[in-house]
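Two complexes are shown next, each including chain A; its partner changes from chain B in the first to chain C in the second.
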Partner chain A sequence: MNRRWAAVAVGAAARRTAADRGALLMTAVFHLLVVSALGSLWRAAAGGETLGGYDADALFWYIVASEAATVPVAMRLIERIGDDIADGSIEVELVRPVGVLALRLAAELGATLPRLAVCGVTGAALGLLVTGTAPPAGAVALAAPALVLAVACNIAAQHAFASLAFVVRDARSAWFLYQKLVFVLGGMLVPLELLPPWLAAAARSLPFAAMSYAPARLLSGEGEPWLAAVQVAWLVVLTGLAALGFAVGERRLQRVGA
Partner chain B sequence: MIEVEGLRKTFPARRRGGQQVEAVRDLTFRVGPGERFACIGPNGAGKSTAIKMLTGILHPTAGTARVLALVPWQRRRDLALRIGTLFGQRSQLWSELTPRQGYDLLGAVYGLAPRAVRDRVGELAELLGAAGELDAPVRTLSLGQRMRAELAASLLHEPEVLFLDEPTIGLDLLAKQRFRELLVRVNAERGTTVFLTSHDVADIEHVARRVVVVNHGTLIHDADVAVLRRTLLATKRVEVRFERPPGALDLPGVQAAWRSPTELDLVVDTAARPIRAVLDELLDRGEVADISVVDPPLEQVIAAIYRMPVGP
Partner chain C sequence: MGAPLAALRGAVAELLANPRALGLQAGIMALNDGAWIGFWWVFFQRAGTVRGWDFDAVVLLWSVLTTAAGLVLGVLANARRIGQMVTDGSLDAVLALPVRPLPWLLLRRIDGVFVGDALFGLVLFALAGDPTPARAARFAVGVVAAAAVLTGFLVAVESLVFFSGGGRTGELGFQAIVLLGSYPVDVFPAALRVALHTVVPAAFVAAVPARLVDAPDAGAAAALLTAAGGFAVLGWALFTVGLRRYTSGSAWTRA
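What follows is the complex of A and B.
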């Protein structure tokens, strides 16, 4: 069977998100507020100096990208997937000729892309306004695909976490834990270079850094293209874990029911 | 087309020390091509579990089944290309998308070319009378409209067998009636085999030609609906409320019980006296404020089946 369905799923979900102008506006406003607050905070903290190797402008661009990578991903996705598993809604998806996970990943990525585009545009405008200078073209060229990879990693990881609901029935606690891990170990609030060295080293070796830190580091002007390669590697691992979780979960569902 | 032999499903205990649930016990039956077949039983009888095994969602504990010569739980995705499913309490369409967008996506999932999907959606919209509701988000549709849209979704890839699990649940009387007519039409015009589960006796009366009755996971009756109609569904209950006490009623062979001077309950054996004759008599004798004709409850039908003599 051809894979046209994946492109159709991404397109349909993207059109659905793009059609909801009110929700897009809310996403843009939320992103601007968070970036304004956090970015200003870090600029003030840096003053005329550097922090962890970042100057004030680089810190602002870091926050623009770290938030643009996380704000577009649907809130409480783990909880929503977990509810679909626990209440049996997912059973209907088993009676389709394509995998449950694959279709869900494609649709969720499609739904996220318009929000990512909006956050990218609003973040860039705010960054230019505040810093007065654009990041180097090379940094933008690396950060743009890294942002897409970041949301893809995030979505895959949330599906992997949510597959726990096949066993524990309630994935709400997983969502709470996951969110905190992305906040701190993903470098969403604090650049990893500002964490204690042992924690920074640990965070760099975890998948959460691929969801926020990688595009933020790249947009702040650090020419480390290998970060995108790490993201690709994590995307493969996280998608594999989600596939494993869903495969085991579906087999369990088929044996014991919803 | 569908062959079921000694099918059994036992769900393990949910908690330590809890009890196993034997949802389906030794189901055996066959359904031929083009049949309109119903599996009825009260809530918890095992109907949904049976349909989930036949569509590959659940693995049985024991027994065998073949649908279109495929073992459903071993060839779930291959089977999915050849069957349609409609679960009354679950939506296969995406609530934020319009039905048309959902059909485009489902068409791609089923490997249909975009042009084929467009043509097919046009045909189905005409067949189901659903053209006016294709471009509104699914979440804004009424339940009746949504079920029509769901039926179109399940027919999009021209399935050979259509499995429907409680498809009329929650629909109002008019929507139920329309939905039943649609199923009969789809079967007549496309030759699609219809496998329906319901706990609504009227679904069976109006859609199925053959029915199996399941209770506590066990098949207790397998008959033509025509036979069932003559025997167990011949009784109708009529509830009528008059504006003022009516004149004397002439209703031989009908059990009548007055609830008040203006409210009357009747039990009509339609084999002895057609329901129309009873309604005509009621309308002639007084000013009717409200009237309803209802089928015997399924529990009553099942109790009657249990009382039937065993054997050919």
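What follows is the complex of A and C.
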């Protein structure tokens, strides 16, 4: 494998995901269902007024983006990685000429990108249908890369969490806690501006906001490009933590059985 | 009823064989439901009352939904697996037995995760649902009716696999009814509200029975009971007719 292995891994995984039309359709329908439900709820709550600075349309676009950032990512990735570590099947990856973590990150990102594209398109269509207006072009231009960064942060964080399985052997339940952190502290269900102040302050200082809130805030029309810079910083930190966890874990890994 | 009860006894024995895992799974699901109640608390702190729904009403909705869904997805866990069993041929195992297939199948497997849902719903109603004897009775009837609607709907959409030969209609139907049922029905646009009372009867799985606990209404109660009977018959009919089209997978050991 040459230096282009990362692009090859991303491309191969993306083609595999894109080939499963049925699964993509399920992702699109699920995304539409969630956005319809949650978006309708927030629109009804806002009525003709604003909530936390968001009007009804801005809240709907917020939900379109917050869900587009999270629905495509395999939420039980932590469980899957933990199982691979616990049952030893990760061993075969150690003999490859590239790092286990790097290859896994590239493949997972590639597998997620087609789902992200589908959610982006379906969410945009629903948003236009419901609100009747598109977000400003500048907001879309900022939100599009922020969505990719959000997905990358999420995948890196799940690998960092899952690396605990090298130590505790059973990280299966961790995905559940992680999911709730993204839902609430990540701003997936509620814009951070609408959380109680103490909780909003905590959420802003944690990485979960980079996984949902950042692209949602940007698409809702708030011109805060520094949010993308925060995402990049968290991506570096989370990837570093995952690398550390895997490096330590791979040294601890002991083969059991034949 | 001997065979279905025997199946249920077996399922309960399997479930209780690993009490630690059961406790962990049920606890995790209860934690999940608690997180959603936290979301609704935050929501209504900011939004006040939304189209007639406040925090107390949504807590009641969630107590009905989690209890009914917990009973169906937990105790009748195979209701969600019929499609998969048809496509991989594992229905063969039940067809070889001298029992009526649908009741036996539905009672054969309990999913511990969703037992946590049911327990959460009961505790939530006991703590926050103002459980007077009259309200508790309406809650119990509403939960049973909601469970019948959900079971009938899930069996019906899963049985479509008999006719289509594959696909994900069962999973899609499950996601749609549970997800849409967890929101107050009045926040949705009018056309979607009609769909939630007919095609995907999510309103009858949560909002309608929850409202009946607070405000008894003969018309709404009749509609709920009609939906319960109608979807139960629909599920049974689609499974029974579909089963005639089933071809063996030559698998005799899984069910």
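The criterion applied here is as follows: the second predicted complex is superposed on the first by the 250 of 258 C-alpha atoms of A that agree within 3 Å, B and C clash if a C-alpha of one lies under 4 Å from a C-alpha of the other, contacts with A are read in each partner's own complex, and residues count from 1 in each chain.
As a convention for this text, a contact is a pair of C-beta atoms (placed from the backbone, for glycine too) under 8 Å apart; a residue touches a chain by one contact, two chains touch by 3 or more.
The structure presented is a predicted model; accordingly, all values stated were derived computationally and were not measured.
Looking at the shared chain after the overlay, A:15 reaches chain B, while chain C stays out of its contact range. Contacts of A:41 after superposition on the shared chain: chain C is touched, whereas chain B is not. By the touch criterion defined above, A:89 lies against chain B but remains apart from chain C after alignment on the C-alpha atoms of chain A. In the superposed model, A:196 lies in contact with chain C only, and not with chain B.
In the superposed pair of complexes, A:74 makes contact with neither chain B nor chain C.
By the document's definition of touching, of the two partners only chain C reaches A:30; chain B does not.
Under the contact criterion defined above, no residue of chain A touches both chain B in one complex and chain C in the other.
Those residues of chain C that touch chain A in the complex are listed here as 24, 28, 31-32, 35, 38-39, 42-43, 45-47, 50-51, 167-168, 171-172, 175-176, 179-180, 182-184, 186-189, 192.
Every residue of chain A that touches chain C in the complex is listed here, in rising order: 22, 25-26, 29-30, 33-34, 36-38, 40-41, 43-45, 51-52, 173, 176, 180, 183-184, 189-190, 194-196. Against chain A, in their complex, chain B makes its touches with residues 11-12, 49, 52, 55-59, 73, 76-78, 80-81, 83, 85, 87, 90-92, 94, 96-97, 101-102, 104-105, 108-111. Residue ranges of chain A in contact with chain B, taken from their complex: 1-2, 4-5, 7-9, 12, 15-16, 88-89, 91-92, 94-98, 103, 107, 253-257.
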